[in-house]
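Below, chain A partners chain B and then partners chain C, in two separate complexes.
Let's look at the complex of A and B:
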């Protein structure tokens, strides 16, 4: 390992830019008086409650489904797994929007099916949506942990007379705890930073109130709330970094073969989850499309989304290359990489607030596409860095060594050997950034240039105006894009962070 | 400027115009007539113009802007949409940072207009621009576009108009479930009016009491829809949301109730102002005050036209039954204390 790498200055610069929004928030933060203290406590309580319920709910849903998909040998296993992981790829505001519109008196369910349902809103509603769209985190991490377990321990317990279910509880689960914790913390992070769901469900969490303050141009107050939220996010990130998954001695994984014809029974408990998280949004958008068509929708919204996201993907990949390179060449480089990960923890609404203020300080950036693209890059850079780095790390070191032996310099090796071989990772990283940026809502709401309407902001506009039917086309397009993202994530699973098919058995 | 005068004049003017018939929309022919100009008489618009457009009116303002763009192919109109209050505050913050992006600001609420004007950012409008408006509606720094009344939409299946208190202060304790949209600019102007009429203490108490029985919605169309499907008994909303809902669904179980001489039946106006000091923004504003645009907004959006020669929307009750409070329109701009009050009461 060399002491000094050519990529460090660049990586350091990029890391510096990543920290800029947080520095800006410190400069901006100020509260008029102590007037809001009582309300502040309510905010903290709401935010933490939502996060706690999300974590508990996603564990309750995700762990059994992880066991189902890991152990039970069902027909079409991959299909079920993909279906159960699918909500991960959907933006939760789509779910919140459609659940909000479907349930309750006068909702779409009553309109179409004729029976009244209770309204989904407030803390309960927001929690339901968050659980539906975060349990796949737990499912994936837990499943990976379960697949790494040697079944001989279970067999030993079984031969000593323990029942199957007790075995799961006392032998299997304790060994999967770190995996469960990793997924739960990701879910917590998601719940903390999500803007659309609490806003639609009318729950005053930090993200929603930051938006309200921004709209009343209480930027100082918004920045203060942002910093408070970042403290909580930082705590979760710290906890997450402490979770170390220790691999077990490899062995054959536990397998459960359902009796012939009984397979549907095993899948039955997963049905409500799939219905609510995937079928319902599609059904609601489909109903609206059938009823109102594409009224009010313009293709330019999709084009705007695609253009900004494409730029973000290109810039993110270019910025990610030196960071990924630095991360693989020494300690300082790894530090830079860690720093760029900060952006991932900064909720979109916070990033938006910081960059609006930055724009006012630097007017040539204010309300430009460049500033919006910068927001996307700062938020989603870690996705690109992660994919590129894991692809590069997976390269056979022998190839690099061979090139070196044959006289190529480090730089030449990188250019002619490592980079071409990393291209798959680069493409995958760019695509991930592109798809995430397409779906991004809060930062886009704050930073979009004048006249710029994207799929997500248009969806938000019709929601605020109450013309729900017009959400059909942008909604379905966003679902489609999410589906592409999922396909990409699954096809690139060996490199991606979430190993979906962690099983290496034939 | 007296609110009652505004309403009276607007309704009276509309009645007088009945014989002329409703204008055939924006593609309208030229009418040789005193009062509001026709688009046919206006100079063509050329060049780039950025408008900040207060959100909340659905697609109807968009249609007006599209029609203006179609008539003026050389106009490059950039529209920034957002909540009215947010845009007003953005304009002020931009000016503070030495940045100006907006040439024209069209707000759904005169309070937001006042916020910008009080910051000294509005250009003085030429006298002839407002010739079509009644003399009482002429302001140096801005032009009202359409009028609107605060109303209490109620569920007709459950209540009659007489069941609803005539005093807005008595509403939260009347045993009714309520629906409101506190983030909406017109609602905030209503709270400002209450603060001016009854003082901050009483307003804060009212907000707190109402918050206990009210459900919050994102916008006032949402409020009216919730009232219609019986989710709440009574809502707070501008008059046109109910009229629009009923026009699309004639058997809708919702009707309008009015309070008596208090903030509950405040009359307000949407308004427009020019930030750029050249001709284009001013000429653009002229288009919004034409008979064609005004009659379109009255007919399709159920807003109250403020120029001569245009009929008021159908479905508004007779003037003799209404008694709006006497609040100076320009004082509604004092939004900051209202927002603080609302935050303090925990409703924002």
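Let's look at the complex of A and C:
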């Protein structure tokens, strides 16, 4: 390791830029006078309630599914796993929108199938949507923990006279607690930052009212709400940093072989989740597409999304290179990397508010695409840093040595070995940023230049205007993009604990 | 021909290789053996130019590297096979082998020589351990090195594969006529592969000789113990024979001319006869090994020795036995105080 690395000044500068929005918020915020008034307390309560219910629900759904996918040797295991993880890749506003449109009097279920269903909205509706789209976090982290457990302990417990189900409760689950906690906290972060779901379900959480204040030219109030939200986010991030997963002695994972013909029974409990989170949105969009076609949709929306996201991907990768390099060369560098991770914790609506204000202060940025791209970069930089860093770290020094003893000089080694091997991480990082930016809603709503309509913002306008049917094309496009994102994520380079295919390493 | 003189290597303030000297004949294979952490791998890396030398000199063909004058690894013409193979994960087998070659015929030759033709378009990630090892060997040999360095080439492989690959690699090296240094921590491998055998202890080369000499006349008790099962029999050395409780035995003095010595006895230097009521010892431990039995015998007077017999000698723990030293070659004698 170098004592001083050439990448540090650059990485330091980038880290500085990533904290800028948070600093800006302090300057912008109104005096904190009404913190204990009924409205503010109500917001805090709603936000915390939604988060708490989301955590509880995602654990209740995610843990059994984790056990199912980790232990039970079903036919097509991979397929079920991918299907059950898929909601993670879908933006929750798609789910919120379609659930809202499907249920209740006059909803699509009543229109198409002819029976009445209760309305899905408010706290209950928002919680349902959040659980449907956050349980995969718990599923993945818990599954990883379960796969790391040696089945011998279960066998030991059973030989001591404990039944299988009691074993799960007393021997398996306690050892998976940190894994469950890690996933639950990720879910909590998601619930805190999500804008689309509470907005569509009509639940006044911080994210929703920040947008309301922004529209009412109450930027100062929006900033005050933003800071309060950041405090809660910071708390969750702190808790998350405290969760330490202790690896167990490696061993064969528990395997349960379902009796012949009984496999579908094991999958039955997962059916409602898949129906609500995946089938329903697709069915609703499909109905709309069949009914209204591509009316009102212009290809330029998709083009706008793609252009801004592409720019964001390129900039993010360029910025990520020095940060990743710095992170691998010493303590100060690692600190810079940690700082850039802050952006990931900042909710999109908060980032939007901060950058709108930045735009007002720096007129050359105001209402420009550059500002929107900056927002994407700040939010999704950690994705690029993570993938680049993990591929570069995975680069085995032995391979470089091997190339050199074969007669290749430093330059040739870089060109023919190091670069191509790192390039995979760079491409994967860029693709992840691109796909995330394509789906981003709140920051895009606040920062899109006048006349700039993207897939996500168009979907939002359609919802606000009540022309639900027109959401079909952009909705399906966003689902498709999410599918691509999922495929990329499963190709295994994102984060180790999300390694869905991690169980069949040689 | 490789010449290494007075080579030392430091890691920070710690010297991990001390004054190593070594010269290799034209197609000679030398195995370097020693326990984990004795500096074996470092020796190879220093010869290859991957770690700097603190003192000394390495010369091969037209270059000479010293502590002051470093020759970069790519200028040394040394082939290396790494413990974890170090194959380029982004290149196919064929491209790995031909990494810096222009002539596809050479690649074809080595693909055939090491039975890899069917795998030529495969990526390293899809290969088995043995296949990876053969690719690594083919890659190194295809670049026609003047010297091969093999760093525990078999340690990541299954026991079943080791035997056959050991022979295959040795044959390939001999056929190519390339001298090689083969590092291992496995005694069997060390004794069977090399023309000569070097034993490293704490970064020092304590013995360098043909395997048989190293085994029968080890330069120290450490070497004796490292290369095989060793028992020691106390005796009194005078001239080329030692007086012991088991009679007078021809001896080969290692570090002393006369006086109290320990004779090195390998388990197959002795024989056992059972059923003799008036034997000179008692079986304390018996272990079946398939073709042979290994017995631990306590000779009257408290001497513990290990004896290996054919599978036909069937003795039980507690049986009285007559133990005899049957070997005809002189036994290595170490000074008792050492």
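Quick note on the criterion: the second predicted complex is superposed on the first by the 474 of 506 C-alpha atoms of A that agree within 3 Å, B and C clash if a C-alpha of one lies under 4 Å from a C-alpha of the other, contacts with A are read in each partner's own complex, and residues count from 1 in each chain.
Throughout what follows, a residue touches a chain if its C-beta (ideal position, glycine included) is under 8 Å from a C-beta of that chain, and two chains touch if they have at least 3 such contacts.
None of the values given here were measured: they were computed from a predicted structure.
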For this session: Would you check which partner chain A:399 touches, where first means chain B only, second means chain C only, and both and neither mean what they say?
Result: second
Exercise. Is A:360 touching the first partner chain B, the second partner chain C, both, or neither of them?
Worked result: first
For this session: Classify the contacts of A:420 with the two partner chains as first (chain B alone), second (chain C alone), both, or neither.
Result: second
Problem set entry | First (chain B), second (chain C), both or neither touched by A:409 | second
For this session: Going by the touch definition up top, name the partner, chain B or chain C, that contacts more of chain A.
Result: B
Exercise. Regarding the shared-chain residue A:26, is it in contact with chain B (first), chain C (second), both, or neither?
Worked result: neither
Problem set entry | Intersection of the chain A residues that touch chain B with those that touch chain C | none
Exercise. Along chain A, where are the residues that touch chain B in the complex?
Worked result: 32, 35-36, 38-39, 42, 104-106, 119, 200, 202, 212, 214-219, 296, 360-361, 363, 366-367, 450-451, 453, 461, 463-467
Problem set entry | Contacting residues of chain C [partner chain A, same complex] | 45, 48-50, 72-80, 82, 84, 86-90, 99-100, 139-140, 143
For this session: Please give the residue numbers of chain B that touch chain A in the complex, ascending.
Result: 50, 55-59, 78-83, 85-86, 89-90, 92-94, 96-99, 101, 183, 216, 218-219, 221-222, 225-226, 228-231, 339-340, 343-344, 346, 348
Problem set entry | Interface residues, chain A side, partner chain C - complex | 396, 398-399, 401-409, 416-417, 420-421, 424
